[in-house]
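Please see the structure below; I have some questions.
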Amino acid sequence: MKKPRLAVDLGPNLVLKNPVVTASGTFGFGLEYAPFGDLALLGAVVIKSVTRHPRRGNPPPRLVETPAGVLNSIGLENPGVEKVVKEILPALRATGEVTVIGSVAGETVEEYVEVSCRLAEAGVAALELNLSCPNVKAGTLFGHDPRLAAQVTRAVREALGDGFPFLVKLGVVGNDFLAVARAVVEAGATGLSLINTLPGLAVDVKRRKLLLGQGTGGLSGPAIRPVALWAVWRAYRELRVPIIGMGGVAGVEDVLAFLLCGARAVAVGSGTLAFPRLAWELVEGLEQALAKEGVEDVRELIGMVAGS
Amino acid sequence: MIHEAEILSQRRLAPDIYRLELFAPRVAEQAQPGQFLMVRTSISLDPFLRRPLSVNAVDRRRGAVALLYRVVGRGTRLLAERKLGKRLNVVGPLGRGFTVPLSGPVVLVAGGLGIAPLFFLAEVCRQRGNEVILFYGARSQEELVLRRELESLGIKVFWATDDGSLGERGTVVELLKKKGLPPAAPVYAAGPPPMLKALAAALKDMGREAEFSLEERMGCGVGACRGCAVKVREGKDFVYRRVCADGPVFKAGEVVWE
Amino acid sequence: MKKPRLAVDLGPNLVLKNPVVTASGTFGFGLEYAPFGDLALLGAVVIKSVTRHPRRGNPPPRLVETPAGVLNSIGLENPGVEKVVKEILPALRATGEVTVIGSVAGETVEEYVEVSCRLAEAGVAALELNLSCPNVKAGTLFGHDPRLAAQVTRAVREALGDGFPFLVKLGVVGNDFLAVARAVVEAGATGLSLINTLPGLAVDVKRRKLLLGQGTGGLSGPAIRPVALWAVWRAYRELRVPIIGMGGVAGVEDVLAFLLCGARAVAVGSGTLAFPRLAWELVEGLEQALAKEGVEDVRELIGMVAGS
Amino acid sequence: MIHEAEILSQRRLAPDIYRLELFAPRVAEQAQPGQFLMVRTSISLDPFLRRPLSVNAVDRRRGAVALLYRVVGRGTRLLAERKLGKRLNVVGPLGRGFTVPLSGPVVLVAGGLGIAPLFFLAEVCRQRGNEVILFYGARSQEELVLRRELESLGIKVFWATDDGSLGERGTVVELLKKKGLPPAAPVYAAGPPPMLKALAAALKDMGREAEFSLEERMGCGVGACRGCAVKVREGKDFVYRRVCADGPVFKAGEVVWE
């Protein structure tokens, strides 16, 4: 049996060796999972969102389990771009030929631009602008307003120059996400990352208080998979841009589902928490599934789901 | 790091407390007292996350690892239903365990299921020749588990129960304050947060340092998700540390109790 | 032990004997569940959404299970308002002193007005305007646009007159639901029903087609509970209007959580599919829980959740 | 209508096929051939919905109800793991069963697990004195289950297997076409959709009516959610009927096959 071709591109300057990547924030900076497998075998490692200054994150509890899901309120804990560029990226690169995608968060247009440029200079293959973190004050400011989202996208595009690939990551609750998606694509984003966590909360009924230290959080995991597939399908049909799909991936069938709905790559998030080797297993499983079905090139699947 | 471990035995020690033995030679080989495993309790997607459980004992010869747990929710309930001979998926050993001096007496303070990691610590200390004094409290006599095993270790145990059904009536911290501590012996503790908080205050009054094993809800268990934050003093300010990777064992004095 | 008081009001002219109601579409027209318990014991029976003309609904499959959830695409199958008023409501009333809340769906302002008036004349205790059905073409048209939502609300308010209680039911994906909520409250709605299903889809990977006959569907069940609680909490804090909270209720703790977040009544939807007696069990369970906690009046809980 | 029924026995009849007996006297009393139960397979929220399973047999004297099922997914896998003595939560009996003439021969056509409701029908027909002819097809000999029980009913059985390992090689519909039908005997069928579709076409050619037991994904099972629609002819147009409450048994001629 011929080995199926797994490589996919996300725009002109970003080719991944396979479509399985990690979702920002669930795989740390990659190093935490190095004991579980060779990071270079993954399509890409998308690192935890990085801000200009270090952030210590939200008060605990930061994480609650919900039915088939996870509610988190980490609050963008990260050591700041300086340390990421100087210490973490070199350490990550020292483990092998890892394709790294940087994730950028911020409170102002300037912060997005500065962190993007620092990470790009440090040699990441691409960037993801996180405009949709539900767990910090300004987190969804940009992602909820097509105008602001376009503004930050345009500024980053101008600063990075024409060829540099970057995607914008959006959520789908509380905003007209297709309008925002259209706006950022017009403003120069290479593509989209869909979806970020859905806003949610849990209640400590005994104590009559919100369970998470910060109050509200973001919902992820298999629970949200149907919504994530819908968002990818909608965005692909409307915009035909490169999309990294994510939300509840837990098996090879899920990877295939996202690809069929129009994702060019699929990110594994909460699934890694439950199954540390999941990303690697999905690379292998995808190859096997394609071989079994006689699909020679994974790109044949992208967007090929038929309607009703 | 990931093991499909056969269940060698599963025993009910008290109404809600079980001890489970796994065949996991690599874990038995590597685990240090205070380390834990991330256990998959379900075969469905709900509950979704693994459950952290301390290593309670190892038997290197048989390649066996014991877990001691209380049924408090769905995950542990599913675990209690797991049958002999079936396999359990566990990740570990994880985290940073206790640091023990090469010789001299050590004091262990266990509240309830806090005995899980401290039993392992007591065993290892005895093997290395440390003298071990254990203060062990629980709600009642029947929840003071592993009594025979503890006694056969040749350690000094002070028992406490809320209802006075065994040992001293009252909390283990009250008992410890009453009995006092041997000078200079390092202290190791594990148990529910209110107990640890009270113990921290008592030890501060006595001017003693200690190592506490902490618990927090966990996502990954390997330091990646930042879900298991604990507030730790840093100068006049504080930072958050990861219970799973920076702990679960922390210096009592550095923890900020809320 | 004194029996706790369970009665709640949803605005001035609607008192329910207890806060547990059924969610539209998951309890049929009530009659289907009459073999399982006395309908008069429930806070209210919210019936399936009704349109002017009969609708035969969407092609099968109409229902797929997802992790801890249900994806449905029923497509508002209903026999039309005529038959509901002439045959079904009388039959429902014949079973006992049932408090019935009518649910109204439509494609035009006129249809909403007409169906609302017909149901109100037929003696329902209150109405719910379903502006958020993701499974029919015009389903979310009104619910996604504050202006249109206000327009239909105002028209219904004018037709029903000042005192008649009606709530507007909204979803939270793809729209700024708080803006819509504010608009309908200003336009005269008594309160809100939150939340409708989240849009979602499932893929038949083998056949490379969307699994539901209609393509996309709506996600409900425990999977969406954190999102539903968040939406109720947000709307209560912003608007302080009567809210029927729903989404994933499966136990008494969930009822308490919704009440604490600000719901005055709680609807049981998908939970009934899995546990046919769930609504009744929750009435009993709520009474016991309150008695145990020494709460004399369920209204003491409403909105009382503390922040972080 | 809701029963916490003890599991009396659970037997594996073929690699993926199980038969489970419940103690449910009220169901045993009331159930008619073609009716089904909604079974809760999990104790967690995933899988969330109940699974519809036909009543396969009842023993009124012992208050026992048998279910026959194939493990095809998570729900049925969990069911197969359920142990003797434990309770299973079931709702039913539900739906409208087969309508059988008071006397005369009847023809039953079962494909695979379609034998589940038809075995019950065969039993009841024999008790009432109808002559029963059964066409029963499956992939292979080992999947032709309940053979001894069928033979002891004193009915005429024609077997078919895809691989020819027992009876005629080929489908049950081909076999039926070959053997022909006794004149005027009503036909009852259950099995996978492709088989029913082929059978409907064959019966149409023969000018015969039949009752088919259909399957569709179900939510409530009681007619409320409208999740289980099947397309049914109405004049020149069509309507959707509820498999759970209007069926699961429908006239073959009225079903619109997609």
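To keep things simple, chains are lettered A, B, C and D as they appear, and every chain counts its residues starting from 1.
The criterion applied here is as follows: a contact is a pair of C-beta atoms (placed from the backbone, for glycine too) under 8 Å apart; a residue touches a chain by one contact, two chains touch by 3 or more.
Here the structure is a predicted model, which means the values were calculated and not measured.
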Set of chains whose contacts include both chain B and chain A: C, D
Rounded Å distance between chain B and chain D, as computed from the means of their C-alpha atoms: 53
Distance between chain centroids, defined by C-alpha means - chain C, chain D (Å): 36
Whole-Å gap separating chain B and chain C, where each centre is the average of the chain's CA atoms: 47
Chain D residues counted as touching two or more neighbouring chains: 45-47
Where chain A touches two or more other chains at once, by residue number: 59, 67-69, 221-222
Arrangement of touching chains [line / ring / star / complete / other]: complete
Residue ranges of chain B touching chain C (in the complex, touch as defined): 45-46
Residues of chain C touching chain A in the complex: 59, 66-69, 71, 144, 172-178, 198-203, 205, 207-210, 212-217, 219, 221-227, 229-230, 233, 248, 253, 256-257, 260-261, 301, 304-308
Residue numbers on chain D that touch chain B, as the complex places them: 42, 44-47, 74, 78
Chain B contact footprint on chain A (complex, rising order): 25-28, 32-33, 35-36, 48, 56-65, 67-70, 72, 74, 77, 221-222, 250, 270, 272-274, 276-277
Interfacial residue positions of chain C with respect to chain B in the complex: 67-68, 222
